[in-house]
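Next come two complexes, and both contain chain A; in the first it sits with chain B, in the second with chain C.
Presenting the complex of A and B:
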């Protein structure tokens, strides 16, 4: 099923194809804003630490302050985003990739 | 403190490493190829192996020491070291896996079709590897001296010798389960003593932080460090963007059968790293309460069990922590040495088995010498510098290489030279002399915030100035990078060369 070396038209066709463009579009539409969002979330912590000290120093329980809880949430959110990506890829990317694969196989046979 | 237990712990770990290395030769022959063999490994094992190789002396000893000294600011190190995997997962891992390149120089050659860029990438891999190895050896010296009173060079020499012998025999790395075991050993070696420490802390009336510490130490950006905001931003950039450029991290991503397994593995890695990094933070806080005099040193993790518990139980727990520390030195150093020796042997020497052996010796001797010469800095700070160099060189190469068609070899070369060069210069000044005062000092100690943007800028500008030099096969490479790997297409004739 492998396309032969000189037969470059198959992947040019795929790349020009609507579905492949859609696959790339879906990935970019998710990954780039998400990267910006999570970097923003981490930077927010730093900004709050710099300019909202009283808020960050508010004690919630015993010696545990808001800053500490936010710090722990950083770990949780890192994991949460990775999980969300995994879900997104399995639901939105993999099925489309499967479809493209079936069509490509049909063409090279 | 009795030295017998500590010595026994070190001897046991070193012996185990040597034996596994020796028997690993046989095992690795049956599993003919590391890359192929480990593609059948389950995500949990694979993730444990990634964690085992990744958690170095900096994570095991350094983070607790820095948290004790600087307080909440330093929680950024573990958050960044974990978050770097997220950036790697979302932006880089899948296209890189599809490229078929196993190492960073392989990727540079495949994407840019230029041997010059490949060699430059090789040089940077070696520099980053050395910079990462040096503090591992320094910490080994520190720990061995604390346990036995041996001179400081002895511990580093011991670790370097064991790693060199192991890498030359080819055993250590090929076995994913050894690295996986190392993760669980390190976790146990921190978690079990911590449980006892917390019991002792409770029965001692659960003393809290001093009033002054509650107001400053426990709050981010208030420990009175100059330019704390700049340093924190810079640290975040270095750790988030540097992880993808570490030579021993990327190669582990190939040990997944497909993208789906790679994503699952990353999820498990994130939880394993997150679970691990909670422990040094608690050590740091306990250290602040009980041994505040250890400010500025890396030994808090080793000191606490003896101080709080004492007696035979304290000695045994100290021995356990020591064993974990040596496991950390050995596992990380092995992974790095393999990567560095691979590049030296293949791209600088002639290639082949004899070159690889000479390269393995070279890979450990240089950082061993550096460890003796360099100013003694906190281990996590030096590792942070290695991340900064990686973020200022390989991050732009990977991100632009994967997502931007118009990258040219000249642009890549200029970006690597300028970004990597500036970061390396700052690093050399920081570990060679200093500390320097004022903003300049902060910029040299945490260079990523200015070197990363410069590297991106130079790479883009020089590429735009040399539009005629876009690699001829860029269209095919890009399809290869962005087509789902289940697509059974011809992905071009480029294959990673075998060493």
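Presenting the complex of A and C:
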């Protein structure tokens, strides 16, 4: 761990900075509620699979029933959230993280 | 030529190819970063494929196709947990871990804690989880070869396990992370190609009418519409409320376990930057998601075209449903020769799958032994790179030998529950420790140690006293009965216990360093001071253009 040689006060200084607080806020404000949302969405699916089998068995199109559509929607939401996260991170997190890192690397030289 | 001969030839080609790659990769494996992390020189796409290779075990390829073929929809339900789990890894773990860790899971945990107790706990947990998973795969390999190659004698099966074990040891000892990663990439490509081919043939057979395929599967299964709904295998109406709670318990372990599996976590270190780690998880999600969609067609296809009775006649758990489907659909479309060839191809892919996954597990456990237990606990960090890598190689050999021995002893036992148990331990012990370390200011040594041991011990104890070990016809010891815990999956109890143990442990201890927390928080989010890729030529890896990617500039540390 190369950074051990750093005085940890350098990190505390960065941590206290406005930019870092903004980065942290952006990351947490996106990642935490989204995690709660997809876990809740998944648990809803599992609970319905256990307790609402009549509903899940309702046929929608030929032999394709609600259960299958619900399952496929889990794939859609997983792909969608993954894509949305990468867009969000590229636009809102990466530039800010780069800026903080460049400033910090300037300081420690 | 029989399909057995053809399978064997194809499999030997895979072995020869991957061994060639392994020896080639070993020439570039010079220091610890090469051995543990492949020099951090793989691209996001390459590592994404390798993530798929590490994750899509025989249990998911053959196992899930088999569950769908025999129990219908429930197998699909199972696979969804495996997929959604990757969002936890993507959003909360992969990038932060790449930025703050070095070689193992414990690197992140030990960052701001007293290293020896934390590394001991993480090492114990890593090796336990990996050995469980490894054992399930080894026993599966023995059973599979019996079914696919017609090897039925116990000696023949034991020989197969020895063969698989020796190969996995060679991959890891010789090729380290570089060799193992390439084995995963080759395997992922083969598995995806094989599964796509059979899926297209099945769909083509039904004129790309999914509803027609489902209807045929439901009719052939003899269970009608129930086959297309949950409840034939997990949480059946006969099991009542306990069965349904068990279903949720399984779902929780699957969805929370992935981001705590050591052999998955060390994959994030093989890329040069956190951004590449993100990209690799995105690719992994794409590959794994498509794979489970293919498996859905394979499972229902097997139910429709092979039929449950024929599948059960060959293997009670349905593990040969996918290869049998390949034969049936090949025969229907191209005649007998086509059937033989397709069966041989899928059987060879299945062996490649087992081989790649066991290599990944052996690497994870030997890395943790050498880096966490030997270098940091026994030697307190006073060890050279060279010595550490030597110890890692020796421990890969020893762990491989132990896995071979246990695999032979456990032959014929019902050890499928070990995969779900590995996920439960990872979700109950490793995940809380990782999340608290990254996100909770007040977390400390006592918290990390209690989370890991609390989660590990509660998951293990609950499984020992559950119906999978005793007190039921399908138990490990069907003649004994010491079961008092009603669920087969401990997750719903052990995961909250792990999180609670970590919380209480941390609160009871006064240890706290604001400086250390600042360091891990800043490093994990910004990538300041992150471990760099090694300077020598990457193995077909990322094209590096100095100056364009700020994360690759020389560190100022």
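Definition applied: the second predicted complex is superposed on the first by the 93 of 109 C-alpha atoms of A that agree within 3 Å, B and C clash if a C-alpha of one lies under 4 Å from a C-alpha of the other, contacts with A are read in each partner's own complex, and residues count from 1 in each chain.
The rule is short, and it goes like this: contacts are C-beta pairs under 8 Å (C-beta built on N, C-alpha and C of every residue); 3 or more make two chains touch, one makes a residue touch a chain.
Keep in mind the model is a prediction, meaning the values are calculated, not measured.
Undergrad: Can A:35 be said to touch chain B (first), chain C (second), both, or neither?
TA: Both partners.
Undergrad: Check the residue A:102 against both partner chains and state whether it touches chain B (first), chain C (second), both, or neither.
TA: second
Undergrad: Determine, under the contact definition given at the top, whether A:43 touches first (chain B), second (chain C), both, or neither.
TA: both
Undergrad: Could you give the residue numbers on chain A that contact chain B in one complex and chain C in the other?
TA: Common interface on chain A, chain B vs chain C: 1-3, 5, 8, 11-12, 14-15, 20, 23-24, 31, 34-35, 38-39, 42-43, 45-46, 49-50, 53, 56-57, 62-63, 65, 67-68, 71, 74-75, 78-79, 81-83, 85-86, 89, 94, 97-98, 100-101, 104-105.
Undergrad: Spell out the part of chain A that touches chain B in their complex, as residue ranges.
TA: Chain A reaches chain B through residues 1-5, 7-8, 10-12, 14-15, 20, 23-24, 31, 34-35, 38-39, 42-43, 45-46, 49-50, 53, 56-57, 62-63, 65, 67-68, 71, 74-76, 78-79, 81-83, 85-86, 89-90, 93-94, 97-98, 100-101, 104-105.
Undergrad: Where on chain B does chain A make contact in their complex?
TA: Residue list for chain B touching chain A: 72, 75, 78-79, 82-83, 85-87, 89-91, 208-209, 214-215, 218-222, 228-229, 232-233, 236, 240, 259-260, 263-264, 266-267, 270-271, 274, 277-278, 475-476, 479, 482-484, 486-490, 493.
Undergrad: Using the touch definition from the top, list the residues of chain A that touch chain C in their complex.
TA: 1-3, 5-6, 8-9, 11-12, 14-15, 20, 23-24, 27, 31, 34-35, 38-39, 42-43, 45-47, 49-51, 53, 56-57, 59, 61-65, 67-68, 71, 74-75, 78-79, 81-83, 85-86, 89, 94, 97-98, 100-102, 104-105, 108-109
Undergrad: Give every residue of chain C touching chain A within the complex, in rising order.
TA: Answer in residue numbers: 73, 76-77, 80-81, 83-84, 86-88, 90-92, 95, 102, 107, 111, 210-212, 214-215, 218, 225-226, 228-231, 235, 244, 247-248, 251-252, 255, 275, 278-279, 281-282, 285-286, 289, 292-293, 513-516, 518-519, 521-523, 525-529, 531, 550-551, 555-557.
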